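Next up is a structure, given as structure tokens.
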Amino acid sequence: MILHTLNKSPSNEALSEQLSQVIQADDQVILLEDGVYHSLLENNDTSHWLGIAAHVHALNDDLKARGLTSNNSAIKTIDYADFVRLSSECDKVIAWY
Amino acid sequence: MTQQPERDAQGFIVDLNTWTPTLAIEIASEEGIALTDDHWEVITLLRNFYMEFSISPAMRILVKIVKEALGEDKGNSIYLLTLFPQSPAKLASKISGLPKPTNCL
Amino acid sequence: MPNDNKQKPILIVNQSAPYGNANAKESLDLALASSAFEQALSILFTGDGIYQLLPKQSPDDIQSKNLLQMLKALPIYGVEQLYVDQQSLTERGITELDTQLPIVLVNSVEISRLYHDAQTVFRF
Amino acid sequence: MIFSVLVLGAPYSSGASYSAYRFAQAALDADHNESHNKNHSANHNECHTIHRIFFYQDGIHSSSQLATPPQDEFNLYQAWQDLQSTYDLDLVTCIAAAVRRGVIDSGEAKRHNKLQHNMSTNFSLSGLGQLVEANALSDRVITFGR
């Protein structure tokens, strides 16, 4: 299981495409910085990482800062301690930026 | 003796185009080395490598280049240490008029 | 569990065009440093990174070092194959890459495998 | 678990340095609150160490001693220095990336004939080999990109 971190907004389509190419069904994603804007989207497309990932998390501090709340039930709100825990639970962490 | 081209605080020449074999002899003698044919073999290899790849090689690759061109007897760190004492890659590149190899400690 | 004896393969992903920023150069610096420590290393060129492999680069007049020339040293540093994303080539209409580079074209399944086989991925 | 952290973005220009700081802090806190978390994750002994934090590319700017944010803004530079002294962290700034961009310590200043130097003494300048070594000796490398 790979943990992917993503810190860019959905307008960076090339980045999302690259991530979608690599991600597998048991992988997890953490949205941080501008990556948290992805939480506004619903995407069940099975060729898009949002539709593939087993779990998608978003850093609460970064959501809050940008006026977002976690209305998207598919996305779990986490803090940095969870970030650390998820990093240790997965096999490796890949950063997308 | 003519005016030497500009050198940095560690003795490397600043403008790589100002290198000449005469300058190599002068830099080497500052380091207490009298250049022999064995030194020139290595200097030529280093300069050719830099011309081809724009990289000033650190020790491991220097050994590899020398080994490929001149064989096992010379392609080892002991031999290079006898020619260019203490820090062969750094010293050889200085005398050869190349940039200091990138620090990879 | 940490295991110091185990070789942990590194994957370096190049996704930036050369010269416009420092990514290509600083990626290469990491590749050369890894090889000095005899680390297992794979390099993948994808997206705009494939522009690094175009032939006939001569950046003298923009006062830059020739990155293509430096990439050609990679086999001497122990990197025998450069993986290139076939789809990125097609999307960018590129039909010709430098012939002196040891290029292996890869599809999306093979790219995914490169990521999954690596212990650590560095992207530039 | 042994972590190393790679920081690639400069403070203010990107969130990389701040996010990395928060991650490092949380990892070190998890270590301190080990007993606190016992019930939360029975199978995991939450004992984390940070082997090294490596600053590369624009990330090297985090080690500048001269940066002075206004009083009403968070001083990330100071925060890194404090975190370093509290936990005796190994904060390493890539020498090739830093000297190019004008962040140097007293040793490099001497070597390059510069009258000033500006690197915080909480950081050390070293080669990319320190990143390669950190990767080999850590369970995970966590990258914070621009």
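Going by the order they are written in, the chains are A, B, C and D; count residues from 1 in each one.
We adopt the following convention: a residue touches a chain if its C-beta (ideal position, glycine included) is under 8 Å from a C-beta of that chain, and two chains touch if they have at least 3 such contacts.
Computed from a predicted structure; not experimentally measured.
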Count the C-beta contact pairs for B-D and for B-C, then tell me which is higher.
B-C
Chain centres from averaged Cα atoms put chain A and chain B apart, in whole Å, by 50
Centre distance in Å when chain B and chain D are each reduced to the mean of their C-alpha atoms:
35
I'd like the Å distance between the centres of chain A and chain C, where a centre is the mean of that chain's Cα atoms.
26
Residues touching two or more other chains, restricted to chain A: which are they?
92, 94-97
Send over the residues of chain D in touch with two or more other chains.
96, 127-129, 139, 141, 143, 145
Which positions in chain C are in touch with at least two other chains?
29, 33, 36, 119-120, 123
Run through the chains and report each pair that touches.
A-C, A-D, B-C, B-D, C-D
For the complex, give me every residue of chain C touching chain A.
15, 46-47, 108, 111-112, 115-116, 118-121, 123
Which chain B residues qualify as touching chain D in the complex?
8-10, 102-105
In their shared complex, chain A is touched by residues of chain D numbered 1, 3, 8-9, 15-16, 19, 22-23, 25-27, 29-30, 41, 44, 46, 48, 139-146
In the complex, the residues of chain C that touch chain D are 1-2, 4, 8, 10, 22-23, 26, 29-30, 33-34, 36-37, 39, 119-120, 122-123
Per the touch rule above, chain A residues touching chain C in the complex are 2, 14, 18, 21-22, 24, 92, 94-97
